[in-house]
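For clarity, chains are labelled A, B, C and D in written order, and residue numbers in each chain start from 1.
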């Protein structure tokens, strides 16, 4: 069985693993106050072009989102699209910190500035929650990406209404390396109040790097990390891993490979006239498969079932990662040819 | 200025006020353990036809909803319609107890059984919250009412998926007295797991009566009331008030008056060809007013602005209560005639 | 049976009841935005000598405390004495808003400045909560009162460590009227960041007045009230009641009566050589009774059992209120004489 | 600089590191549902002698405690000693899930059965929280261990009052290998409702194994893990590590080394007549150092400052780990000789 189920099926990429082994027998300060984490933080500040940024490492994506949302006051709420990770796939972790999520329709997995504005205008007083943060993901949960113009428009409406803009970058590498992307890390740092650079889904064993730009969100952030179960005792393994991937651009190479492989896979489906549910330029693609075809694929491959399309078709998700090889795509091509000719 | 803004603009109805004055100088046990509250509880058990029901008095509607939702386990969620009070008008109180609200579209303010089913089926595992409660209001936030057949269908799907059915009866009197209603208190007690009988909006100074039918929700409920700020020190004032309104059917007479007056008001609008946003048989009606007409009405009347209809029209809400008099409607008719002829 | 169980066994004092009846049939704006609440707020600002104070009315004491504590950031904690109401008698309401309470020993129910300092110094970093608020009660849960010098010393240490000082005034009237008191409402307003003036335990049916002095705590306070189930729909009944008791000094007369009656009762116990557990100058006294004496008292009186003293003695609490009459004390004197001579 | 600061200053022990490297390039199912985690779970059930136990892997110690405490109902509370990790060093994480911690004095870091009983008896009704869980650590936060008789007595009182007994085993290896220990993993599984076997502090990079014995706590536990940020995407790294340490008894050998080294270090202090604050048989010892001696030690060693002893002395903590070598102790002996002779 080969798995296209997600982009975290394999362990660490080679340079990360080597770096972890190299420091293993050293003694290091705990809880992320070690020299590697400090150095990785400096490197990231440099990459995002903001020396005043605060950088923190957190165990995973849900931990990032829950910790960031916990910064809000008890009556403040978060706006996001319906398909947003915080709205669907975090088992109510954000609500468990006491905060409402207001979900809007969005378009292609992306929030629209006018949706944000409408939510603000329809939450006028103390009988409703007070919208205070906008949550977006880049790439989104359905693989799409924000353009610079789109992010600027969202940033503008957030500033207008005094909302924090928070970008979930679990798959930020995949977004930045995608065909059609015109955003840079520096743009994101300039346009958001806080975001995170995903590690788990791009070749690290675990760990994400939260980058805080807005001073209001910086104070006592380590208290929030600890309280929300998101701080590692052996915290240096985060710093070590991020140092390893940001050296020699491995982070971006990993992401590029994931994107290229997934787009090759998309072409395989197109070749067999299998429609894609959404036009994603990143490392997740969403073929609509006949149920009988899906069953045959599942004999040799693990894939995600995304939802029912109609009585005879299923929307599926295929993910590629830093570890996916050209041969995996070629094998799949041959297998699908056999199946569809079957 | 006369106010049609809501159904809680006046104090207590006459019999409630008299009863409060009558007991004022007595000494009574605190926190709802007094003889009046016990007797009112017995009377309500009798009214709902379930001697095993548990009855508790709570300060208000949001306190009821927050307390009831707090009974869920931390990862369990509530399903309701978008316009549901818990989703819009409780300042995130339910989320502040850690629980997600999953909002569905509904129809005319009412939830559809198939919506409940779809939410359950799309929340299959530990990466999403676990839907565990369905919240409905009768009458709804837009004045509509559930039929017995509708409530039975919802109850059935709840039983099928092991969901608690919770009915917010802030305006239950208005629902039960409405033209077209075929539900009784006994039906509601038989079809739900927990519901409350609203007092504040039907002639009490404050207080609602929570009725628990499902044994799983009965244990230690008083702990939840106290923890969620919903227990009165001088708790007998709840029991005294409910005893007063359930004597001589005053509760139902109050509600009937509110419905009849509101329907008369609806006819006034129809008479002047002013459309109603939704067809409500209860004590809230929603005329769509030309902005210029609204402005003139607001010179003499307080009404609620419900939302923008289009560039030149506004959806408004007019409420009648136990205290609204025929003369108030007649006066309004004359004023509206003057305005529309203006 | 006559009850000395607490100071909220009777309804409203005469002037409060009259005022409620007088406005009952008026229409008023809901949720505390009515003319009476605004006027009562102005009157209270005047009484506390701070025109910039913000005044809000809340349903009860636990609701006040929970709402105020909910203003803290998620990792911030409250320091109080072990016997503090928030630590013992609120069913974990403050913790349910996510905040730790750090309890210290105190002395005679009062916190010591050095205890506050020690807690701050032993909570130095992000592995512990961050102490941010000091909670005190005046009069305390055991009936004692703070002197001006004591409150100044506490206020000073709070300022030194940037802690909010919050005073629970559920029985503030009893404190201010007590023999030995040298504090005024103006002192309290000058020395604390936020406090409340208790109504329920001093002749109102329900309702307390929160007075916010520190600007940092003022913003959006109504959101917190609503979210924590502490806002009344018919909110004017709070304003009306406070206007009634602050007219003609009835608030202070009520409290004075409670104190004087309780001290007379204390003298009754002293007369029969029955020791008092603590020297309280206010309306709660704590006789240590032989169990057999207690049993006989309980045949005619309701009192609170405070705790076991030793195998043959029980600490009890007797409360007097605005409604306690001289005859009640005289009757009790005669009954106790009979019992102790028995 | 050599660090005795804690037992998590080094990376993974050799066999753990090898095992992680060995599986690194495999594809595995995410979120702890992989074959290694399943196999490790089976191995642990076998070790604890309970085939019906449920075993889950969680990122760290605070995440374990917060997740377990989140299982309680909103008004239920946890009893522990003042020095308990949940009470001091989790930044209010347990309270952030809404639950009160009731701290008792304890003795030598251990809770006494009579303390548990007293808390239950003084929390009788809905005005207080409802004690429902007892939290203990073995070894404790001050290095002491529970005897079998002590654990049996605690277990008995928990059963009597229907309380869950939860044992934090962050340093369980150190406890089980300590001189004087008479408990086994099987005893612990028989006497508690839930406990965890610590990995982070005994040679793993991260991860702890929660063992649930009481059926009431098993249901939907994975929801709680996910919600509380304690689930790893690449969850197999937990299973792989636990498999590695439970093979060939490495888990116990690691712990034994830590204990033996720490006891050798204790003897060094005794040799120089330096008193120990508490008599700990495990891998943490607490010498009381003259401040001048401490300063000189800190020139070459990192140690933890535990608290002030008196004006001229400081309580310190020295930890040994699986990685501490005999030479480290010998070096320290020589350095301390130099310092004390200084």
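Going forward, contacts are C-beta pairs under 8 Å (C-beta built on N, C-alpha and C of every residue); 3 or more make two chains touch, one makes a residue touch a chain.
Just so it is clear, the model here is predicted, and its values are computed rather than measured.
The chains that touch both chain B and chain C are A, D. Most remote from chain A, judged by the distance between CA-atom centroids, is C. Annotation: 42 Å between the Cα-based centres of chain C and chain D.
Averaging Cα coordinates per chain places chain A and chain C 50 Å apart. Chain A has residues 70, 74-75, 90-92, 96-98, 126-127, 129, 223, 226-227 in contact with two or more other chains. Residues 2-3, 5-6, 8-12, 17, 20-21, 23-30, 59-63, 66-67, 70, 90-93, 96-97, 200-201, 205-206, 223, 226-234, 237, 323 of chain B are the ones touching chain C in the complex. Within the complex formed with chain B, the residues of chain D that make contact are 31, 70-71, 73-75, 97-98, 126-127, 129-130, 220, 222-227.
By the touch criterion stated above, chain A contacts chain B in their complex at residues 74-75, 77, 88-92, 95-101, 103, 122, 126-129, 307.
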